[in-house]
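Several structures are given next for inspection.
You will see subunit A twice below: alongside subunit B first, and alongside subunit C after that.
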Partner chain A sequence: MKKALRYSRLLFLMVKLAISEEMEYRSNFFANVLSTVSGLFVSLLTLQVFFNQTQAIGGWSFEQVLVLLGIFNALDGVVKMVLRPNIGRIVQHIRKGTLDLILTKPVDSQFYVSFRHILFWPITDVLMGLGLVVYGVLQMGIAITVTNLLWFALLFVAALVTLYGIWMLLMTMSFWFVKVENLTFLFTSLFETARFPVQVYRGILRALLTYVFPVAVLTTFPAAALVGKLNGTDALISVSIAVLMVVVARQFWKMALRNYTSASS
Partner chain B sequence: MSNLSKLWRIYSRWMKIHWAILLEYRGDTFFYMMGGFISPIVTLAVWMSVSGGGTIGSYDTRDFILYFLSIMFVSRLTASWDAWEIEVHLREGTLSGFLLRPSSYLHYRLAENLVYKLFYGVVMLIAWAIAWPLTEAVQISLEPLHLLTIVLAILLACATRYLFYYNLGMLGFWTTRTGAIVGLVEAISMFLSGRIAPYALLPDWVKASQSYTPFYWNLGFPVDLMTVKLSGPAVWQGLGIQVLWLVLFIAAYQLLWRRGLRKYSAVGG
Partner chain C sequence: MTNGIVVEHLSKHFKVHEREAGLRGALHSLLKRSFHTVRAVDDISFTIEPGEIVGFLGPNGAGKTTTMKMLSGLLHPSGGRVNVGGFVPFQQKEAFKKRITLVMGQKSQLIWDIPASETFLINQAIYEIPDAQFRETMGELTQLLELEPLLKKPVRNLSLGERMKCELAASLLHRPDIIFLDEPTIGLDVNMQETVRRFIKEYNERFNATILLTSHYMADVTALCKRVIIINHGHIPFDGDLNQLVNTHAPFKVAKLVFARPVDRHDLDKYGEVLQYEYPQASIQIPRAAVSEQASRMLAELPVQDFTIEDPPMEDVIGMAFAAEEGA
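Take a look at the complex of A and B:
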């Protein structure tokens, strides 16, 4: 308990540090808003093209897909805020041997490399994403029950945890492959599949996107919870995958550290 | 003649170097290639789900598959990453090293592009050939004149899109915000180039954009040729428009490079 308190205080400090660092580059805020808005605009236009030809994709109506798209944007914002800025650095830490410094700090190394460098401005992606979720729900004109909301909250957390687990696994691979920039590119491309409900994909592809690269857990299930499409199996899959991901990522990190021999200079 | 053989020597040397780099980072090359294929597959999956095995406009299931396979093929062959590379060379000042060499920086960049394109091209042609007897979807018409127009259209698209991004990269001589500009162009091109849907299924205002933007001609047009959605004079007219865009971008290159170098002061040491 005391430990948890200490780590949340540390996390709070890191966020504060990030904010004060970025207040120096205030124009980045506008650049970020601009790119968020244009990104959203393009994805809305894209949806429009699909819905010009049909009433539903994969059994999801336009408003329901809007909710899903909002969740996608919020998660994308989290990737930009926390995951991407840190992954670039871990590769450098390993290549240059500065990981040694982190290992000697009196703090869990995984925690430190995951959260040390937070970018603050992509918060606009998170906020606009959540805004889109609210808009989609309002447009649907259905009453949201407390149960729905609670399920959504739970599955959204599961999505965040899963996303973190995937990134951590990728980051840890840089112990063996020194150049993983293209792995992040591959992740970004695979993440694109989360823009649409997993029901769009058929057969083996859907299974892969549910269990192997679980984009269904990232956007489909949380959105389903909110719009009232969720079933028990989906919820169970979500939570199990989230737990599994974070445990595997933790073990993989420990294993990688055991094999780490530093880069001598 | 001696000019030509000199150029040949420059290119063969640079290309050998880039080939060695490609082999050294073969894992990355592979991941990069696969990553580029995912977005067309996603879009194809959505269209298949929307059409549900039926027809939309003039596109049935086979047409959709061929369309997005062609998108993968053409967009990989016409890809240009120079804007990002040039930005780095400008920001870190490493461009200076290239300016001291007896051959132009353009040759260095172009040689890199050619090596990767040749590699991707061979790999994709082999994959296409393997798929040929397996599925009818990939069996395009092999009529020589048709093939010739496809090859011409892809080559013109390659050159134009290459110079387009190269020119964007050179904006780095004047601004440090090239990344944002390129991002914006990418977002626009996503929509106007035909990546999301065949032009026939896009709204009218997108169709209208083909008369004053190069995006359709750099991707949608060669793909429409491969899927035989265009015929007769429209084909030759399209090739003509491609040539016009290419000439325009060559002129822009000349201007930006000359003005840019005058503006350039190396950063860092």
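Take a look at the complex of A and C:
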């Protein structure tokens, strides 16, 4: 408990410093808004093209896909704020040996490499993503119940946790592979598939995207929760995968460290 | 509380994967991996008293960094015992980590795009330094290292030396009493090296800190360490007084001259052993005891335009110390 308090305080400080830091670079704010807006514009255009041909993809209407796309953008913002500037650097920490400096600090090394340097301006992606979610819901003209909202909140957290777990797992591989740029590329391309509901993919691909590389957990299930399409199984899958991911990522990190300090053999 | 450093029969062996050259070798190693053992550190023992500054010297790949990593808890020893400040380093206890620091000249904990003061605040939180103590230490470090103008600048806009100052400050904020310095002056200009050296000495005196220092610069070692430990091929051929090491193995200095006009090479022989002469430059090795006498003679008798006296490079001294060891 004391530990949890200490680490939440540390995290709070890191966010605070990130904000005060980036207030100095206001041009970054505009650059970010610009890239977010143009990114959104392009994906909306693509959606329009699809929905000119059909009323629904994978059983999802245009407005429902908008909600999903909003969630995708919000998650992408989190990747830019936290995951890329931190976990993406594990490779460098290993290559340049700065990991040694981290390991001599009285702090959990996984926590440190995960959250040390947060970028603040990609918050625009998160906000606009959530804005798009709200817009999609309003367009649908349905009443959102408190239950739906709570399920959405839970599954969105599960999505964040899963996303973190996947990144952490992939980047921890850099202890063994020198070229992790390929892994980042792999992640990005797989993450892109989360722009669409998992139902548009068929057969084995859908199973892969649900269980192996759980893209469905990232966007499909939280969106389904909000628009009232969620079933109990999906919710259970979501939460289980999220828990499994952090646990596996944690164990993998510890194993990598044991190997790094050559205490394993 | 201060127990210094005790190392007994410490070893670190790495298993290295061997591969023969060529396609055949590659295929072979795919089927049957063969390993051989590298004894990076092989049964070394030494003790460092609290408050002592010891120079830890040796050629590249001798086992210096491996030893430092075992002392700071980064590497698990293959054999032997280590005790640092009353702790077994590899247990990596937080109480242990709060008492030590590891500074590496070529590795930085600072973040490129933002000012160093951000790292100071993060470290304050990580090391749980109370506000009052933080302000006091920060004040001292700012004054000792002249950090004031550097604090607000992004790290990328600092010079190498300024960065090192910030690095030292970040590493010493929690007032560790056991310090591992791995090449702290590498790449710095002479003035900055001097500043860093003065700071290390000052810190040592003020906090009675135990310091283990590696450096390739003779000046660092002579200015800071009375005692040196030499390591080579994982062994310790010398552990003792620096003066004794230098007098035994390198009892001379090197005079470097630049002449205004050519002189006969034979005329130089009487001052010492001519290492090299190529007009206009010459270097002459002179016994330590005769340095001042020979120097004034040379200045009086030769057409000297420029003149310096240098210590033999540390690498040479170590090389000689250990050539002697192997010969013995």
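By our rule, the second predicted complex is superposed on the first by the 259 of 265 C-alpha atoms of A that agree within 3 Å, B and C clash if a C-alpha of one lies under 4 Å from a C-alpha of the other, contacts with A are read in each partner's own complex, and residues count from 1 in each chain.
The rule we apply is simple: contacts are C-beta pairs under 8 Å (C-beta built on N, C-alpha and C of every residue); 3 or more make two chains touch, one makes a residue touch a chain.
Please read all numbers here as calculations on a predicted model, not as lab measurements.
Clash-free side-by-side placement of subunit B and subunit C is the outcome of superposition onto subunit A. Applying the stated contact rule after C-alpha superposition, one finds that A:Arg26 touches neither subunit B nor subunit C. By the touch criterion defined above, A:Ser189 reaches subunit B but does not reach subunit C. Look at A:Leu17: by the touch rule set out above, it reaches subunit C but stays clear of subunit B. Once the two complexes are overlaid on the shared chain, A:Gly39 sits against subunit B while remaining clear of subunit C. By the touch criterion defined above, A:Phe50 reaches subunit B but does not reach subunit C. In the overlay built on the shared chain, the residue A:Thr98 is in contact with subunit C alone; subunit B does not reach it.
More residues of subunit A are in touch with B than with the other of subunit B and subunit C. Contacts of A:Lys2 after superposition on the shared chain: neither subunit B nor subunit C is touched. The angle formed at subunit A by the C-alpha centres of subunit B and subunit C is 90 degrees to the nearest 10.
After superposing the two complexes on chain A, the shortest C-alpha to C-alpha distance between subunit B and subunit C comes to 11 Å. Applying the stated touch rule to the two superposed structures, the subunit B and subunit C interfaces on subunit A have no residue in common. Across the interface of their complex, subunit A is touched by residues 14-15, 69, 72-76, 90, 92, 94, 97-98, 100-102, 104, 106-109, 111, 114, 118, 121-123, 125-128 of subunit C. Within the complex formed with subunit C, the subunit A residues making contact are 6, 9-10, 13-14, 17, 21, 96-98, 100-107, 112, 116-117, 261-263, 265. Looking at the complex, you find that subunit B touches subunit A at residues 25, 27-28, 31-32, 34-36, 38-39, 42, 45-51, 56, 177, 180, 183-184, 187-188, 190-191, 196-197, 201-203.
Contacts from subunit A toward subunit B in the complex involve residues 31, 34-35, 38-39, 42, 45-46, 48-50, 52-54, 57-58, 177, 179, 181-183, 185-186, 188-190, 192-193, 195-196, 199-202, 205.
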